[in-house]
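Notes to accompany the following structure.
Should a chain be cited, it is by its letter among A, B, C, D and E, assigned in written order, with residues numbered from 1 in that chain.
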């Protein structure tokens, strides 16, 4: 029994434990500890080499195996970390389903990460899909609707993946990961597989145009569930896509499939999908008035960066993409935690009904500040490093327009996260929130720990880059040339290094000098928020003196018409198609034989899946 | 231009203050006062008809900026409050609020005769007659209305006063707040209150004297809803309240 | 402000917020306030709040002698004071049946047109400053100062001339005054191309001013808009032409008209009016030396002057629109009732509120300045 | 100048109206208060009196009446009509002409706060200029502005120390300071 | 180029200091040029210094809370740090450890700090100002990013020290402005936007939102913003010189170039009103982006 077996067993044990004991506070504390234990076990596994589990069974004469490599290790760490913090954050949540769902999710994800062949990958994929439902239904009525939407999408995605795997089996006669690499296929076959597998997996990843389900499903549920789902759940899709690109269609193959002859390859298509996945959801986020939805839409947008980095498939780009998984998970987790502590104390996350909470919830504010700096990718937080890597890689590859697209995404992120923070924590404190208290310790401590992690990995990206390098070598790439403070890029087309330690050092000495200047300039006095400039008028307590709704009004005058072209039409089209099919099937059912009806259903589902 | 004597009692004699401390800090104080006198931001607030002579004083012909004087928009940014002409009672309330919101050292200049004694509106029920009842005035520039040259000359005189450290009347507002508040209450009624906490500020900047508080401020405490600044609060509690 | 206003109640769960334009705000003309409710950057409703300049003129005038009031009246409209004293003098003359000598009438027209030039130069600067361009302000005010210098020479007062009195004007023109006036007019005309380049044909300004605060002719008539603001909607309507007073019927001048009805049209109308004023002044310079005679009709002892009972309503065209003075005498030494209809009473309240509603936050100040609203006329 | 002929017909239709042609292009109508709205409507509809220049109020305290004067201008007949009507001082209520003339809203509001006359049907009778004024309507004749001023304000001290020194040495002006109006309060 | 730690420390202190002094001169120039265009004399030589000293020596100042203070510290400190990433003649600071992308992101920190500080003031005027400033940033950063990509392609590096070296070794023919004139033009637009001068002065807009972000700033808070303005002028103009005009061979040339570059936006600023926010975005997304894209195409087919 090696460490991997132990990890999987512990994880399974955690699920059982949560079923029995999660009702009590002690039980929940122990549960949190169990995630920590799992993480400790994870560290027993050597990330640099591949470890095969001793579990394995045979089905249809195929040996199903579980194994772990650097990539799995990297994702497993993030999964367990997110679960640990989510569980800690949810210590006070008494919903049993939450804790069961969380542990079940962790277990199924670990199984997915350790999948050793296509069949186990598919089984684990379905496990992950369905266990996700457990976490999504925890909210009010609206979360049920979102979950139903998710289920529809997940089934369609699962079907596509299933079809792809069946095709692989039928073409190669094997379900092992090396099936395709050992039996080269024709380009059209590769194309079909790429569409089915990458399309199927990207439903989970919420790449365009399959992104419409995600925001509501992730955001409208219970807090810890949102934290976990937002941080890592969608990245399982990324993992599966990486597996696909590793074992089925590598980028060279993708590059040789031309969608428009001599001009536009499948890879270009994916790059553009990724780039649009950055821009469109980010600007959708800009319009949200619910803090949770705003963050969830960002989750979709940030997925685009990871995809973009991986599609570069060079040293820096893939490192950036993978590092962004880690960085993003930490930032998104802390942001969701902060937002849900607001919800916990004030009962609303409507950005138009909040404001000025920094005076009452300073720790949550700090958490959000760290989170948004990270999410927007500004130094000194970790988000900067991964975005820097992606940018550098894009510049090296000469992809100026994609580079521009990703920067537009970043700018949109800055705009919307500032709106998030301004409308909730800054500005005028509303009268009904006069006596709001800071979130309880069980919520603030994980936030603070995460903030420290974000900062440390921002200043010393070498720590997380080591993990990324392992993952990179597991995919078969040259690991990034890193040191503790950043990266060296001697052998890329465009040179330019990054040393975060120096940057941060200088930044903080800048702050220090500014602080000395500031503090030596005589004392200031705090004043009440009603002691404020109002054109010479007296403010009174009943004035709505806070600018929150339609925060970027000037920008909206221009881009508002563009929102009409969001992908709602796509979903609408699919729904109409299914409706039509249902009508047909009903008339068939009325007239014809049962068997025909069944046939029609199956074809419809297949058709939807393929679309 | 005529400077009216103003009932302001500067607490310390500036000549005494100058000699205290070591040479280094004296030089530093001199420098600071010089910079203060050469950089005056005046509030963009046209309280009355004298404001019509400010644009000429500011613009190409008389160019105030060569003296370092420039208009500013909000009271927080400004140093000089120019009361340009009569202040109606409604305006006076805003002027007082604006004055209290300005950062010291702040200077009040009453331009036009109306600020001195009500001018030709002495019979009017709507205008205040004597500005220095409601706030300490550093300088009056009389005239109806004073020419831009007079305004600039008055500002130069203020600069001189600042340079030698005599323009300290702003301290008087903190030190004798009760007197000013009394006059304000007499005109605006007993429930008059601005959102600014002058007593708290006078304590914070150690300008609190026995005359800061008195019968009028007690009245204020009676009516006032204390507007304490929103301090950051870490009210953590481990209550397991599930929504 | 009362203490109970600091008692908190529930915040309205509205998506609108309030901004106060003024009284201490560069986006407001004078000491005036506009309370604006906004959603995003669109004005949901605007409400004028006046009274910051209220002095109770009408009450004060009832307490002073007929002749004393001459000193009081120009202060009703600070940027354009001369029409006030002319109107008051004309009203008293009508009550007494005084015939004003012709030369005095010409001098009054000269004063009025010079005052119109100062007001329009001031207006250009103010309008430009609301859009962030300060050069026209600096130039315009400095050029206006040259006219003020002539006022000072003529009357002793730069802004408040107090040049008129019932019966005529106080002084005749000094030696060489007309030459200097003529040179000034040449100078102003030579400056106009520079203003054109900088301001009136500035693309960014046109971009901002076009369509801003637009009103139709019908709306303008309904809201009793007068003066250049009405002429900017394409209606040739001018008190100087429709209801001539003084010697305007002997003068040649055009009534410039623009069709847009927006801030740009209002600005361009005033620019053309500036030229017309120059034209009128040129005619005065030509005609004035040939008109001999006294400058003032004899009046009784002003300190014990019982003006016959009656009433008079005087209208004249100030730079902002139709100025109306209603003066009632009960035969006493003091006016029984004086009522001033400042053109801005309409522009700064009803018209501004209506035009601001639905406009953008960026436009509010521009609308107010382009209407040339003068708060002291509202407050009195 | 003669009245335009159709104006003559128009005014003949109305009884109880005194018409006086005072000066060129000026016409004074004296209308009973009940008929004023009808007269205004006729003037507006039939003679093009589109422009309400102003509404003035005169307080005839001796007769215990308010006089309301509606100044109307017509570009068609180039005449300013001043329609006078009188209402009782108590209770001081009259009809609004807002539905005829939009500008009336401002003038009626103004008269309301200055004289306390209430106009029924006016869209907005809130205070406008005197929002922070608690006293009686100030334009009424019985309101004594000077007394109010003496009650509420101090006068500037006109006898600074250096002036008193001159007086002590026998200089200064002949009128005793107590008799000067401005010194009165300062001395108290 | 390897230098000792002590030398590096001296550089790190000197670079912001020099930037501050030059920045004050630039502020002075801006005000003097404006005054000249308005036919005025303008402020005295030390006026920017007087203003800063005066604002920092205010005796009572108000704060709306801790974040208000921290915001100003971040705004000034961020620029102090940014100066060390911008190489000048004889001093490279840590430019080699950051590069262009890092510099750009570090330059966003002051904006973020300011945004935080203004947000805490609880004044909608300030909030609108920040919302407009961020919108403007979105507008001018898009052409600027194109310019940045062009620079990276043409020099093959994002290291500013190398950018300067390449240009100086090649003489004037290697200057960015010669190599990619369209980019240089697009960069000028972005520069105007970055400095926030008319016609792009949407976020101060006194007549609309009462100076926006500065609305509740007084005393040392406003003083911090004045200091920030010095740095901002310096950084923007020197960065432009670095990217397009071959950097500075020595200090004299650097300053000459920087002041000359700055003269362009300043002169434009005093002759135009400001745009509305949406017109600004529209303009920025139209002409400079078009110019930048043409520049990119030219670079690709060079």
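One rule holds for everything that comes next: contacts are C-beta pairs under 8 Å (C-beta built on N, C-alpha and C of every residue); 3 or more make two chains touch, one makes a residue touch a chain.
Remember, it's a predicted structure, so these values are computed and weren't measured experimentally.
Listed here as common contacts of chain B and chain D: C.
Nearest to the common centre of all protein CA atoms is the CA centroid of chain E. Mean C-alpha position of chain A lies 72 Å from that of chain D. If you average the CA atoms of chain A and of chain B, the two centres end up 56 Å from each other.
Separation between the centroids of chain D and chain E, computed from CA atoms only, is 59 Å.
Mean C-alpha positions place chain C and chain D at a centre distance of 21 Å. Multi-chain contact residues of chain D (touching two or more other chains) are listed as 131-132, 138, 143, 145-146. Residue numbers of chain E whose C-beta contacts span two or more other chains: 38-40, 57-62, 65-66, 124-125, 128, 206, 210, 215-216, 219, 221, 276-277. Residue positions of chain C with contacts to 2 or more other chains are 1, 6-7, 17, 19, 23-26, 41, 51, 54, 56, 59-60, 63, 138-139, 142, 379. The complete set of chain-chain contacts reads A-B, A-C, A-E, B-C, B-D, B-E, C-D, C-E. On the chain E side of its complex with chain A, the touching residues are 12, 16, 56-67, 69, 72-82, 84-85, 93-94, 96-102, 105-106, 108-109, 112, 115-116, 119-125, 127-128, 130-132, 134-135, 137-138, 141-142, 145-146, 149-150, 152-153, 156-159, 162, 202, 210, 215-216, 219-221, 223-224, 227, 276-278, 280-282, 296, 300. Across the complex, chain A is touched by residues 45, 74-76, 93-94, 97-98, 101, 194-197, 200-201, 204-205, 227-243 of chain B. Across the interface of their complex, chain C is touched by residues 352-353, 430-432, 434, 530, 533-538, 540-550, 553-554, 556 of chain A.
Listed in rising order, the residues of chain E touching chain B in the complex are 31, 35, 38-44, 46-47, 49-51, 53-55, 57-62, 65-66, 206, 210-211, 214-219, 221-222.
Those residues of chain B that touch chain E in the complex are listed here as 31-32, 34-36, 38-39, 44, 59-60, 63, 65-66, 68, 73-79, 101-105, 201, 205, 229-230, 232.
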